[in-house]
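Structures follow.
Consider the two complexes below, in which chain A is the common component and chain B and chain C are the respective partners.
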Partner chain A sequence: MTATAAETISAPAISRAPAKWRPSAQGWVFRAAVLVLIFGGIIWRTATIEQFWADRFALAAIYAVIGLSLNVVLGYVGQVSLGHHGFVGIAAFVSAYYVTEKAGCVPNECSLGAFGTGILFAVISGGVAALLLGLIALRIRGLYLALITLSYGFMAERSIFEIPFLTRGGAGMPAPRPDGFTTDRAYAFLCYFFLALVIFVDWRLLRSKVGRAVLSVKHSEPVAASYGINVTAYKTLAFVLSGLFAGLGGGLLAFHTQNVVSNDFNFAIALLWVLMVVVGGLGNRTGVVIGSAFFALFPFLLELIHPLEEAVIESGRAFGQVTIVVGAALAILTVIQFPGGIAEQLSPITRWLRGQKFALHPEGHGGKHKGHAHKKGALLAKLGLHKGDQHAVDGAPSEQQASANPPPEESAAAVADHGTPLRADNGAAGGGETAATHGAAAVAADDGTRGGDGSESAGDGDEGAAGDADDIDAVIRRRFPPVPSRTPPATGATDDEEA
Partner chain B sequence: MSAVLEIQGTGIRFGGLVALDDVNVNVPEWEIVGLIGPNGAGKTTLFNCIMGAYTANTGKIIYRGRDISLLPTHRRTALGIGRTFQNIGLIRGLTVVENFMVAQHSRIGYGAWSALLGVPRSFAEERRLKANAMEVLDFIGMAHLADSQLEGLPYGTLKLIEVGTVLATDPDVLLLDEPSSGMGPDEAHEFGERLLKLRKTLNLTVLMIEHHVPLVVNVCDYVYVLNFGKILTEGKPQAVRNHPEVVAAYLGGEVTTDEEEQTPQISPEEETAGVTA
Partner chain C sequence: MKSVIVVGVVAALVAIILALGADDPTGPNAFVIIGLSQGAVFGLVALGLVLVYKGSRVFNFAQGEFGTIAAFLVFVMVEQRFPTKVPYVAAAAIAVVLTVLVGLAMERVVVRPLLNSPRVILLVATIAFALFAIGAQVLAFLPEAKALPPMVTSVFGRSSFELYAFTLEPQRMLILLVMGGLAAGLAYFFSKTDLGLAVLAISQDSFATRVVGIGVERMSRFIWGSAAFLGAVAGVLYVPLTVLTPGAMTTGVLIPAFTGAVIGGMTSLPGAFVGGLIVGLIGSLSNWAGGHYMIGEGDTARLLGDIIKGTPDVAVVLALLIVLLARPQGLLGREA
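Then we have the complex of A and B:
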């Protein structure tokens, strides 16, 4: 036992993960260049294109903000919100009301401070509105929650959006843009800035304990709770966060149209927002942003294709109505054929940009795709195997053999280290201790014991198990030294024997 | 030795069904206590009461002298009670290493809002979490699977990973719900060995629901038998095993056929080990 422990100190940790493939410096430069090209292209296009197209780009950015807001509820929490036009609308009216009625803004004369405060109020009102819904969502979910959100949106439409002092009836509440951002182009850049902010927060959300907690709650509340996650708090937090984003989107939308009319916030638009998130790819930031931008720009893309434009005009429909129909069709196609949405179609590219090899299917992904995760890991371990441990993979009997005749250099090292030959039952562990082969040994032991398939008789299986247990024992002691304040291990040993 | 976990007179009813009735279980420090009983006896319900998934109608759950009956589940986890599930309790949408990171949730040194704003400390803390996760993964010999998705992994591996994630919550008391289900006899035996090692090195106290009789006899220091929501009997495993009432309630009736299948699994060696104890 002491021999094993002493040996482990000099040995590297067991079963290290195989080193990940990383692109070369050249590869990184190339990837960075592509990214710069994409984002630079967008900025350059916005800076040079006609003002009315810049205005549409701004709308695309705002839709992306709203899409990311819905994505928190739909993609991360896993609940449907059909009342997002309620949050967005309330926020839009609040910010417009503030700048016009309280800050006294008129077109071309509105300070950046007033705009900022208006946006802040919009964000807060969106958060508060969503908090109410979040508290309801703690009690109900699924179909009934969808129904509640739907009614919530309608209620907002019929009550809050018809308060005369807030909305000025059908005429709408003006929301003049701040000084310096009155042109469509400048405002588009402002919207990009806020979109970048939302993307940053969303990125931090997913890459921190918050995102993991929310995703865990989505998959299994009992398991999440037993991991120590406050299920209630995180569900509420997710809804509030979604509301904050929606509020920001609403505020930006108000200054985009510069005149907030209650008719702009109806169920059809809420449905379109849900569709764009689904088509973009639930739970995927890049997909949602692209999907949202696509749906925001779709009516204008129709204009670019002359025959289509004429067909729409001839039918006497508005371009927005066409978007809904196309959106529904795309959503059906997504749900049936491409559940990952646009994000899944783009995933080879996004993975490549993140520094992986260009491949159609993700690395180390079990299940659906061919690369069976566990087999792959075992295979890699096998490839890095030491000659002496090659037998061990085949099962317990040969493991015994290996321990009886350890490779010469290893046994020499062991004797040199401790001055005593290895005990027979330590052999398996001892053989595995040396350098790179260690990982392989752990995998091998694991393979040998699963289902006991390798062992001819029960005795052989036990032998393997004992070797494995010894191995782990040593590692345990190295990593977790016994806590002196509690029961000393000596008592434990007697306890063991009693049992 | 003082009891780490005391269940005092716990009772719970669902409508007219009495699921648990005046159950008293004592889990002393550093012991492995078994909980056996036929299907529907209320074993998992008891676990749910201990973890706070259900609130018991009567009785108290005492953890290290403190009444935790009314605490929410996540607070109990933070206090040091870790629990595994009958059907593997892992988060399917996350990778293996992410599961280990999320399991450390109650020991994370940054707030939710500072995480969203990207405070530098949250980045450093994330690195620490990942390092811890890799350490535990290393410890159970699964580091090579760190970045794998859960789907597609073999059942036995998932079971081991689940125990690992519970260890990552840094528990004092481990509640294991049928840890050997889906394992062959050899694997179950090996699991028992591992559990004993774990207990020795991590100073764990264990309460374990288990159907695999040889494993219970080999590993447990004390056994409670639950039947129809009541404690039927309790005692040393060997004594309980031969208790006529237990044989009648647990091994008799329809379960007999199951038991017959299990009997050959008890290797002669294990039998003798049990007798000498």
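Then we have the complex of A and C:
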């Protein structure tokens, strides 16, 4: 990777002339205090609020686990899974079956070991279900995966959830909570613990070689493949990871309701889960957790408005039904008008907490480009689907996203340690540089402009560096931009089919 | 040419099955008829899916909801007599027109702003719209099953036709008739008319289409309006045969319809027609096979029996997988 490509990649870094602004010690203390207030507030509220509210908080944490699971597929790989209720439901039934039938648990008499094993089985069954589906489904290109996952979930609903020894003929399989966690409040803390675990695993994995490989696959499958990244294997891996998380979510859901009924896992709820990830902000951990918690708590928040509560109850309707309408409307609004979702709206705060100045728009992002174009760009970037002309237009959507998309050096490194570089040195062979290398360099550099700061200058520096290093290189680059953008819908279609 | 061959092969298979089982009362014949009439509905919805896919390269998850919306509108006018009592046929026509307006509104509000977005985003948007429609129906009509009377109750003075121990209601015959007519009409539309060619052009290269003077927005409006029309017709015709619940056409029909469209090739209208029928046949025949061969004694048999209660769905999913793995372009699909 010492080639022109390397220079091209490092160019944006050079052009970031002023040193990054860092808060003072006092500033850090202030930021830490706010974080402590937020998390302390949540824990304090859970510890002091009525039990039934703690129960709802537990549900919010479980939804967040499921949301993060979907986020792996939707946000990191850029595929749609509509069959998550299959994974979650299978895992819920497996864990409930284990603790009730095999471990012999009854309410108020269930060891923590049995619970742990039940959860473990849930996680494994979710992973296995995802692996089986992924092995087949991920070989199929493009949007068809959505269809397969959809019909998979439907099949699970009609066949697996109908097995009587699992579901006890529709009466439901009891899943007593373990000793010490039988109260709603204690169980909520248990769910928080698992949520923290999932967030940690998700965060570490995304920062690892695996995570970088998955993200590079999302950006461009052909380019990733040309660097020796096994595209199908990494997609399957991401799918299995999603299944493991979904399994955990299913296990927790089983002990949350304490009686697993197959009706709880239906098509509509799978769609709602997809929407909560989109509303939260694709590929953004914080956003997804907040969005999922919001969707889980929304019916109960509505209940707090008393006139509304009376009206709804009198008419014989439920708040859960209102959630579907409002959630769907929010999702449409998000997709059309605010593609970054909740994460985008909160990004000034999250950026500030990460040690930047408080600003409504990212640093180096002059007022010029705020508005629709860059918001849309943010979403495109998150899905890893670029419109060719986008890379100059959109700046840094959020610092959050910078963490989701690794900096250029990192992703280049990821690509490098995955296979033999196509070309070892630049020497005189500038003209012989393959198109694939160009694509990769472009993707990586593009990444930099998205994730970092100073988008336009970075783009210019990039171009300039390439020109200085190698004229032919620059000409090829200008002649054949990284991603063709002549025909947006058609490009989108082919992009999808390749992605 | 290819489509003629495929249709011929399917027809021949159906004829052979019917001929072989003619004397066997427990044979598959009744199931073949059920499958065909069920498949006709799948085909009708699949036509709308293919139309949208041809025009904008996206799976329209709201296609089923067009049908449910239309069915609920008919229900409101015929059963609840709101705003006034309307004859059934007029109610159906009004419902279809209103649903087309819904489709146009959806195009304007949801699809148009996303015309140049990645297809995954548009896909999510159609899902959101479908869920919005389902949620609105739940709020308006509560999640209770309702019954919608059939549009036609007698043909040639008879109210039912016995065919291989299966009662063929006039409504089912109407569905078969309407679907055949629509499929033929659409095939003609896309191959022979300028408007049809313009729709095809949009799906291939919208920029070039705009260059030669075809309005992309106008075409998009046309495509989604027609899709809503097809969905509404399917809903008005099919829902009387089943129960009317919020999202009825999405939970029960959309997935087999997608499978049918994929089997047919996702871009081929005759393919959608044939694919829908094939899916109906697969589901119905696997139902028959499941009931016929798998019932036995013992735990294993009971477990198998429990699993095969979902046989039609499993078989449909397997069919989808096999087609996508072995022949992703479908039976009649082309790269166009």
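The definition used in the following text is that the second predicted complex is superposed on the first by the 339 of 499 C-alpha atoms of A that agree within 3 Å, B and C clash if a C-alpha of one lies under 4 Å from a C-alpha of the other, contacts with A are read in each partner's own complex, and residues count from 1 in each chain.
We take it that contacts are C-beta pairs under 8 Å (C-beta built on N, C-alpha and C of every residue); 3 or more make two chains touch, one makes a residue touch a chain.
Quick caveat, the model's predicted, so the values are computed rather than measured.
After lining up the shared chain so the two structures overlap, which partner does A:Val278 touch, if you call chain B first and chain C second: first, second, both or neither?
Touch status of A:Val278: second partner only.
In the overlay, answer first, second, both or neither for which of chain B and chain C A:Ile140 touches.
In the superposed model, A:Ile140 contacts chain C only, not chain B.
Is A:Ala213 contacted by the first partner chain B, the second partner chain C, both or neither?
first
Classify the contacts of A:Pro164 with the two partner chains as first (chain B alone), second (chain C alone), both, or neither.
A:Pro164 sits against chain C, while chain B stays out of touch.
Touch check for A:Ala329: first (chain B), second (chain C), both, or neither?
It touches chain C, and chain B stays clear.
For the overlaid complexes, name the partner, chain B or chain C, with more touching residues on chain A.
B
Touch test for A:Gly228: chain B only (first), chain C only (second), both, or neither?
First partner only.
Applying the document's definition of touch, where does A:Ile148 land relative to chain B and chain C: first, second, both, or neither?
A:Ile148 sits against chain C, while chain B stays out of touch.
Is A:Ala268 touching anything from chain B or chain C once the two structures are fitted on A? First, second, both or neither.
Second partner only, chain C.
Using the superposition on A, tell me which residues of chain A are in contact with chain B and, in the other complex, with chain C.
Of chain A, residues 380, 486-487, 489, 492-493, 495-496 contact chain B in one complex and chain C in the other.
Using the touch rule from the top, collect the residues of chain A that touch chain B in their complex.
Touch list, chain A to chain B: 13-18, 20, 200-201, 204-205, 207-210, 212-213, 215-216, 218-220, 222-232, 234, 237, 241, 363-368, 372-374, 377-378, 380-381, 439, 442-443, 445-446, 449-452, 455, 458-459, 461-462, 465-466, 468-469, 472-473, 475-477, 479-480, 482-483, 486-487, 489, 491-493, 495-496, 498-499.
Okay, in this complex, where on chain B does chain A touch?
Contact set of chain B toward chain A: 1, 29-32, 51-53, 72-74, 77-78, 82-83, 85, 89-94, 98, 101-103, 105-108, 110, 112, 115-118, 122, 126, 129, 134-135, 138-154, 156-157, 165-166, 169, 184-187, 189-190, 193-194, 196-203, 218-221, 237, 267, 269, 277.
Hey, which residues of chain A end up touching chain C in the complex?
On the chain A side, the touching residues are 78-80, 82, 136-137, 139-144, 146-148, 150-152, 154-155, 158-160, 162-165, 267-268, 271-272, 274-275, 278, 316-317, 321-325, 327-329, 331-332, 335-336, 339, 376, 379-380, 383, 385, 387, 486-490, 492-493, 495-496.
Within the complex, which stretch of chain C touches chain A?
That would be residues 56-59, 109-110, 113-121, 123-125, 127-132, 134-136, 138-139, 142-143, 202, 204-208, 247, 250-251, 255, 258-259, 262, 303, 306-311, 313-314, 316-317, 320-321, 324-325, 328 of chain C.
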